[in-house]
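Got some structures for you, see below.
Okay, so chain A shows up in both of these, paired with chain B first and chain C after.
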Partner chain A sequence: MTIATTTELICFLVLSAVVVIGALGVVLLSNIVYSAFLLGGVFTAVAGLYLLLNASFVAMAQILVYVGAINVLILFAIMLVNKREDLKAIANLTTRRAVSAGVCAGLLALLVRVVVTTPWSLPGPPAVGEEATARIGEHLFTDYLLPFEVASVLLLMAMIGAIVLARRDVLATDVVTGEVADQGLIEKARTPLLMNRAE
Partner chain B sequence: MFALPGYDAFLGFLLIAAAVPVLALVTNKLVAPKSRAGERQLTYESGMEPIGGAWIQFNIRYYMFALVFVIFDVETVFLYPWAVAFNRLGLLAFIEALIFIAILLVALAYAWRKGALEWS
Partner chain C sequence: MVSPGLDLELSFSQALQGFGFSPEVARLLWLPLPMLLVLVAAVVGVLVSVWLERKISAAVQQRIGPEYAGALGVLQPLADGLKLLVKEDIIPARADSLLFTLGPVLVVVPVIISWLIIPFGQNLLISNVGVGIFLWISFSSIQPIGLLMSGYASNNKYSLLGGLRAAAQSISYEIPLALAVLAIVMMSNSLSTVDIVGQQTGAGILSWNIWRQPVGFLIFWICALAECERLPFDLPEAEEELVAGYQTEYAGMKFALFYLAGYINLVLSAVLVSVLYLGGWGFPIPVEWLAGWLNQPIDAPVVQVITGTVGIVMTVLKAYLLVFVAILLRWTTPRVRIDQLLDLGWKFLLPLSLVNLLVTAALKLAFPVAFGG
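Let's turn to the complex of A and B:
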């Protein structure tokens, strides 16, 4: 075993341990804010795994989108509704746990099947570093052009949908007074993000 | 030799960056006065007296900005490979990228028009 493979193995083991322990913490910790911060750590460790696989662009995208944007969004969403309510015992806990276990087992079976059936051998030597990113760019603007342009439309739809959901729409009425609400942003409203619609 | 060729500088950066907080705390421990009473126990809040707890409900305005930021963040990720491969791709890809940006400019115009970019 050369020193390069040893370094790679150590990096892989450390990153995997961070991912597994962090993910367990996300699920098991009772404080949801700690869970959100741990989720950021898990995302970062997954980016490290991508880096270890020479997928530097994917690692960069992981950090930029998941750690930089999505995790921040999750934190804001949590801190918006940061009510310190006592967690009540849920009815049918055993049934719920059994159903969750079934769903998770199904997902695991699917993943195992994908791992087994995927041909892992590469057609040629893998592109490394900047060359890999340039090749992604080439594919994006030739044979994956349509998905690329559709992605922009998808982003447009996401933006409009987010703004429409966050605003009080025309049909919304003020919950307290029953009057038709104005078109101001939700931040001016007394009502929460998902509010009652007028019938 | 490091396992990933070309990442030696990154590894060095990572080590130095990890050393910064450790060095800061160790220096603080060595140099700072040993008193542990009074104002030393307060949370540092830019020199102001801290008011209330840190576990407050955030203003919903932050959420709006985070939503808009996610959209443009993803747009950046899509444009980055184009920038790296710019010299090989030529004019057609330039026009395609312009279409991509134009569609997202509509999103920006919508957000602007609806007041999602305003703080007040």
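Let's turn to the complex of A and C:
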């Protein structure tokens, strides 16, 4: 075995261990903040696996999108609402845990069966390595153009929806309840919140 | 196209193979050398910037600044570093000690990894990875997690607020930053930093990207300052409001890690501005022309060594000119408010960078000669 393949094998084993143990930690730990940080670690390790597969662009996109955006957003949400209080005890906790463990074990068995029975050696052209970036771009703007555009329209809709929900003060009626919105907010919509405390 | 120039790895590998090592062992022995060199360069760069910061701030405020530690006080940053190194490492009693320790590490590591792509010459960089500048953008997005982590683990409301502010600021300014970089990438048809500089070396100073991307240059510089949390944008540690933000509870070496990350990031951003907009390692007059006027063949060993040296000197010089500007900005401008900061990022820089991107695309289609068609 050459040095290069040994290094690759060691990297693969370490990354897989991080992914599996980290993912278990995300699910099993009771402290939600730890779970969120571990999720970031799992995403990073998956990016490492992509790197091992010579897909550096996908790896970097994984870090940028999942670690840099989604995980930070999750952390934001947790830290803005977290009050560090213990959750109320749930009835029949043991039964619930046993049921969910059973479902998870079944899912795992199914996945293991798929992994074992599928022939993984794909024919097809060899990996393109560093040229992958250009190739992904070509595909996005030719044969995958429609899904790409549909996804962007979907994201635009989600963004406008978020803005509407966040800026209820500029609408005459509340978008959720349909009642007349707070008149004070409408009248002062243009004045900054920080300045008129004395009134 | 530029001549291949010096290839130190090839020479090193050939020398070792002359001693009877296999090419693989030679590569294994070579790998740590550039990494160590760049790490040392980054730390020395930090020491130099700290000294510059102290001296320039003193000059701005009509003081003398450090002058007893070494000539002109050049050893002062070393003394600062030693002091922080031997200080007691305090972890607050109610803090989360694991996250408290991990936070600063997560802040420093991505910044150091990003030095991977900094080119000092055609072959003078650790790794010419294909994703190049995209690696820096994605790794700099890890930093907010470290800041959130240390802010949360300190168990202190100022720290938490500082961490949240830092993350919010870093996320908002990353978008215009990435769009400004995208315009450059569009012109050079490559993400690799070597190709981006190579595309600017045709006619010396006239072919630098700053003439084709003046708006992008300004956007990138403003966003880079915001990402480094330098003074017009140092809200995460605004001392009048938040004591010291996410670093309030930190002492000793962990505090020093935040400091180190901040300055490495500053030098890194300055180098990247010079790579993206100021021709990287290029001399204002192309070295090839100078060699031609002096009747020297471009691939002669002496000329190659001189070219390599000029490349390193130019990169460092351009970067430190930008660091100087950043330090002057810090000691002359007041801090913006948080609403002004977010307004600037989302309502001004983001639309501006989108327009810049579209105009660049249009110009690329209209004048493919000048805008890298």
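Definition applied: the second predicted complex is superposed on the first by the 135 of 199 C-alpha atoms of A that agree within 3 Å, B and C clash if a C-alpha of one lies under 4 Å from a C-alpha of the other, contacts with A are read in each partner's own complex, and residues count from 1 in each chain.
Definition applied: contacts are C-beta pairs under 8 Å (C-beta built on N, C-alpha and C of every residue); 3 or more make two chains touch, one makes a residue touch a chain.
Keep in mind that this is a model prediction, so the values were computed, not measured.
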Partners on chain A (chain B, chain C) - clash or fit: clash
Partner chain in contact with A:A162 - chain B first, chain C second, else both or neither: first
First (chain B), second (chain C), both or neither touched by A:L13: neither
First, second, both or neither for A:L145, with chain B first and chain C second: first
Touched partner set for A:I3, first chain B, second chain C, both or neither: both
Partner chain(s) touched by A:V67 [first = chain B, second = chain C, both, neither]: second
Which superposed partner A:L107 touches (first chain B, second chain C, both, neither): neither
Touched partner set for A:F37, first chain B, second chain C, both or neither: second
More chain A residues in contact - chain B or chain C: B
Common interface positions of chain A, toward chain B and toward chain C: 3-4, 33, 57, 60-61, 64, 68-69, 72, 76, 79-80, 129-130, 133
Chain A residues touching chain B - in the complex, by the definition given at the top: 3-5, 7-8, 11, 33, 51-52, 54, 57, 60-61, 64-65, 68-70, 72-73, 76-77, 79-84, 128-130, 133-138, 140-141, 145, 148-149, 151-153, 155-156, 158-160, 162-163, 166-167, 185-187, 193
In the complex, chain A residues that touch chain C: 2-4, 33, 37, 40, 44, 56-57, 60-61, 63-64, 67-69, 71-72, 75-76, 79-80, 129-133, 192, 194
Complex contact set, residues of chain B against chain A: 1-7, 55-64, 66-71, 73-78, 80-86, 88-89, 92-93, 96-97, 99-100, 103-104, 106-107, 110-111, 114-116
Complex interface listing, chain C residues touching chain A: 24-25, 28, 99, 129-131, 134-135, 137-139, 141-142, 144-145, 148-149, 151-152, 160, 163-164, 167-168, 171, 174, 191, 337, 339
